[in-house]
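Following this line, the structures themselves.
In what follows, chain A forms one complex with chain B and a second complex with chain C.
Entry: the complex of A and B
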């Protein structure tokens, strides 16, 4: 692996691990009102004038330690991105494999559907689904289900890309002679799909998932930034950046700057990991003996 | 005469494996030397060394390759640039891989001529047309504007040859140039290569696993085995009086047109397969699309229990479509296909017919488990072991995946999977055409033994008349989607009635060991 890739993976992997284990590594629990004090509000980073330990990266308007809040927020962003990508992958794989293996009118209908959705920007679809989901939820559950609704919205905006890759790979696999042999023997269709077609589709799909994962994290941050994703009480990276941007002109740059930097690091790291995966999956990578 | 190329004690190693292990040979100017040997003998590694194109981690570990006063074994990459494509040209096995799918044949030739020969656009175009004509392509002017996918397989290989000729090479290295062609195409291409060498005084190193083809067009044959040249001589000597035991085995393994074929058993029992007036066309008729081209027209065939029928014809004649219809993979547009009992199929590309992610044991177990064919009380595993043993695979084969086997062993796994379903009819679609002759002979013998033991009927599809003759007492000849002749194999070989059968017999005789 190239050194620049190693660097980028490390840049993204360390913060990602810190985020995932936030409850154990964060200096402060930002959800514990007893630990917060308004006297600590808007403290700059510890090295700047007026800053002090243990608030190394400063605090926000409620006196929450910014580092801790970021780690918890990053954790939420990563979990939403993982859930959304898993949903998009599952749905896309199902639609794509059925379309690719079946062919004919079913293939045409499913793929035109995917293409129609692809003509709309993904974030627009996510906003639409998100709004629809919230409108349909009972008012009491809106707050509680806001985060799953965000994941659902991003997942539903992702599936056409997975479906197209799955369809192309499945169409190739379904024409292989070992699939013909299984059909001649009379194996049931679901078994042929599961055993003989799906494994050949898995690798390109996982590679695509690695590419789309950071985009899902950015989509989550965008939705939250617009006030459509995570509620302000459970900060994600997007909410933090939104709240911080309101303080930018008051000179309190750190509240938006550090979460933005974390988001960039996570996205870069995931992209580098995806690139490394893609290179490994490339059959032309190594010369044959 | 001083040789054009002289290889002395060449050694090429890939990691710890010695692919070429002390090979020596010479080629005189204008001479065609055929390098024959089984797959894995080191032929391609030798050719790659000659072109300075050994893929890593392979490298030349010893010996000399003398060409035009240079030692190619130690020549740095930059030294090859004035040689490759100019003084030494190459024709590869798969013409589709050698041509740019997005550019017309003319554009590729003109680009080569301008870059390598420094011609201006106009003269380059005229020269390109002349080269296509020299390579035996019809309507060379029209060919210039065509992309590769609009050419047939044989035409594509001719375009690759035209590209190779663009540098006016002194030596042409052709690695299995006919592998992608059918028997008539092979004979024509080898005749072309021979003519080109004569007319241009060009030498050629012709690499192939087909000893008969090598003998048919070379001045001398060198036989390679396990990285060494074990025997060199004129073709007649190599075929008629081979001195090395391995060459003797290979010459003996060649299927012969004049061999006594299997005796036809009196047809008995019910028909296991009957095609009645079958027609098939690909691509459905649609608005703004021309009427679909017919792939098969009015095909009628029948096979009784235990009988073998050889289905022969040039590529594109519809043989494989008949096989797929018989297997139930395609449905006829008109006519009827009737089957009695289980059908199984063995494919040309053994590796492609085996799921690479499953072990041999899992592959063979699948039909056993699905059709619940294991003996009562006996586990599937025991049945799988019996089947693997029946096709001559070692007991530890069950745990390994297809990539870990040789070509012949892969086809044995495919045969074991087919037997697992206890078929009444086995369809074999060119099962041995990707194998070298000795492996082919063993696989054909295996099929014959299994058929005698188990009594299944066999529809054997092949382009190779000599192979069909060795397996089937009865033949059906196809051309352009129709069955044009049917009858006892001996009768068709001795006195073909249809033009298609006459062409096949003539091509087979041209390629056969005389």
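Entry: the complex of A and C
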């Protein structure tokens, strides 16, 4: 791997690990309301005038330690992105493998459906699904289920990409000799798909998942920035950037700046990792001197 | 007492404006914004600040208030108390925007309409028993007993044309709580200084000056056109002002005032006649959103007092309101008749006492409840609610927030579907009876707490007809004492309003937060 890549992965990996282990790493638990004091609100970073330890990166409008809130928020963003990508992957793989292996009218219908959705921007679909999910939820459950609803919305917006890759791979695999052999032995269709077609489809799908994971994290941040994702009481990075952007005119730059930097680092790191993974999975590349 | 200062400040700026108005200025367009649009244009459907302010540019009432909150003639030129009611002499030669002549029939029709079951002015007009029209320019309002403050209660009761209302099928007010749509919701036909040109809710409302208005030349304003574009995002409103896209922001975020001033814009501030408070549903057998089954924690006075002692109102003022609020223990601000320094004093912040009160009431382990909160109505409303969560958590009350736009929050309060809610209340009559009637009396239209106190109900009924002012004052004082002791609400603070405008705009700030365009001057 090239050194730039190593640096990028490290840049993303360290904060990602810090986020994932936020409950053990973060200096404060920002979700424990009893630990917060409004009198600590809007403190600047510790090195700036008026800032003080232990709030190294300052505090937000509710007196939450910004570093801790960011780590917890980043954790939430990563978990939502993982869940959403897993959902998109599962759904896309199912649709794609069935379409690719079955061919004919089923293939045509499923793929046209995927194409129709691909013509819409992913974030628009996510906003639509999210809005519908919220409208259907009872008011009391809205806050509690806001985060699963966000993951669902993003997952439902990126399945067509998985479906197209899965279909292409499945169409190739389904015409292999060993699949024909399996068919002759009388194995049921679903077993052939599961045992003989799916393994060949898995590698390109996982590569794609690595590419789409940071995009899902950014989609989550976008939804939260628009006020549709994580609620302010359990902020994700996007929620923090939204709340921080309202304080920009007032000169309280740190509330938006640090979470934005963290989001960029996470996305860059995940992208670099995906790039490395793709390079290794690409046979043309390894054949080169 | 902040209120006297406002009056002086407002009067001063008014005088300055009159001088400016002497210089003839070309008619101008005012482009302004605030966070949320009028809920409806039906003048009797919603007794709510922004709705009244916008409809009040198109429609007029018998009596109105100027920017110093002094009563002034509008469609009535004179009024006097008579035996069993009030007599109003109407302004002659007034026409509606559609060309219809204005007379006593329109007043009688509108007042009856404002007393209909779907009207939000029902309580306010409850003392009226009959509307008489002895001649086309006289109206007599008969009251069920002497009502010394009837003119104060009429300042926002707008007059519609009876013929137009019949032709449009809007003789009854829109039923707002059930989201009814009528022809009067998006169209309007008043006698006021501005004619509705275009109405796209939440997007653009355009008004043009009424060339036939009776008050032409009598007021300093020189606006030919008004364009109102609501902008939900506070930073967008400020950016629009700084970029010159709008001339006036009615509700700039408090944290941005220094930045706005630094950019050479005008910032005016004044204590508003609006109090922000929390309501607690004590009338229901159990709370909908709580883990306590079978009993209602808010039914216990000690729990309600605990909520009051758990709130650090000064911290909210300093860290959420940027210093622009007056912490209070009363539902109405100084300047309103009946508010005194003693009953205005906030409940002391004392989490220890709050915990002790909760333990005494049998909730030593605390309880859960959902707080319903608007996020586009009051200054920093969302932030206030977020700040309340940790304060209440510290004494054991675990609060989950439901933040909603006011168009969804208000019906929840009016339909009494909330356990715990944030609300603000203005007092346009500048008299405590208005607040007691709507918020505290059993059956008050905005009393979603289920608070029902026998003595208080008696006092409220008695004060509407009491003509001996000293005795009436004693009743108001006793009523507020009961409210303080029983704590059906947790008052937070009186709002301070701030308006920001481009330097060439002179808009007198009004303590009721309503823009009065007839006084707005745009200089070249």
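Here is the rule we go by: the second predicted complex is superposed on the first by the 286 of 289 C-alpha atoms of A that agree within 3 Å, B and C clash if a C-alpha of one lies under 4 Å from a C-alpha of the other, contacts with A are read in each partner's own complex, and residues count from 1 in each chain.
Here is the rule we use: a contact is a pair of C-beta atoms (placed from the backbone, for glycine too) under 8 Å apart; a residue touches a chain by one contact, two chains touch by 3 or more.
What you see is a predicted model, and the numbers here were worked out from it, not measured in a lab.
J.: Sticking to the clash and touch definitions up top, decide whether chain B and chain C on chain A clash or fit.
T.: Overlaying the two complexes on chain A (C-alpha atoms) leaves chain C and chain B fitting together cleanly.
J.: I want to verify one number. Taking the Cα centroids, what angle sits at chain A between chain B and chain C, in steps of 10 degrees?
T.: Result: 150 degrees at the vertex chain A.
J.: A:36 in the overlay: touching chain B, chain C, both, or neither? Say first, second, both or neither.
T.: The answer is second: A:36 touches chain C but not chain B.
J.: Touching A:138 in the superposition: chain B (first), chain C (second), both, neither?
T.: Neither partner.
J.: Given the superposition on chain A, which partner contacts more residues in chain A: chain B or chain C?
T.: Greater contact footprint in residues on chain A: C.
J.: Looking at the overlay, what does A:176 touch: chain B (first), chain C (second), both, or neither?
T.: Touch status of A:176: first partner only.
J.: In the superposed arrangement, which partner chain does A:3 touch: chain B (first), chain C (second), both, or neither?
T.: The answer is neither, since A:3 touches no partner chain.
J.: Taking the superposition as given, does A:185 touch the first partner, chain B, the second, chain C, both, or neither?
T.: Touch status of A:185: first partner only.
J.: Quick one: classify A:196 as touching chain B (first), chain C (second), both or neither.
T.: first
J.: Under the stated touch criterion, which partner chain does A:61 make contact with: chain B (first), chain C (second), both, or neither?
T.: second
J.: Please provide the least distance in Å between a C-alpha atom of chain B and a C-alpha atom of chain C in the combined superposition.
T.: It is 50 Å, taken between the nearest C-alpha atoms.
J.: Need the overlap of the two footprints on chain A, from chain B and from chain C, as residue ranges.
T.: none
J.: Would you pull the chain A residues touching chain B in the complex into a rising list?
T.: Chain A residues touching chain B: 176-178, 180-187, 195-196, 199-200, 287-289.
J.: Under the definition above, what is the set of chain B residues touching chain A in their complex?
T.: Against chain A, chain B makes touches at 14-15, 17, 55-58, 324, 327-329, 343-345, 347, 349, 352-355, 357-358, 366-367, 370-371, 414, 417, 421.
J.: Going by the contact rule at the top, pick out the chain A residues touching chain C in the complex.
T.: 32-39, 41-42, 61-63, 139-140, 142-144, 231-233, 245-252
J.: Under the stated contact criterion, what part of chain C meets chain A in this complex?
T.: 233-235, 238, 253, 255-256, 258-259, 288-289, 312, 315-316, 318-320, 370, 382-383, 386-387, 389-394, 398-403
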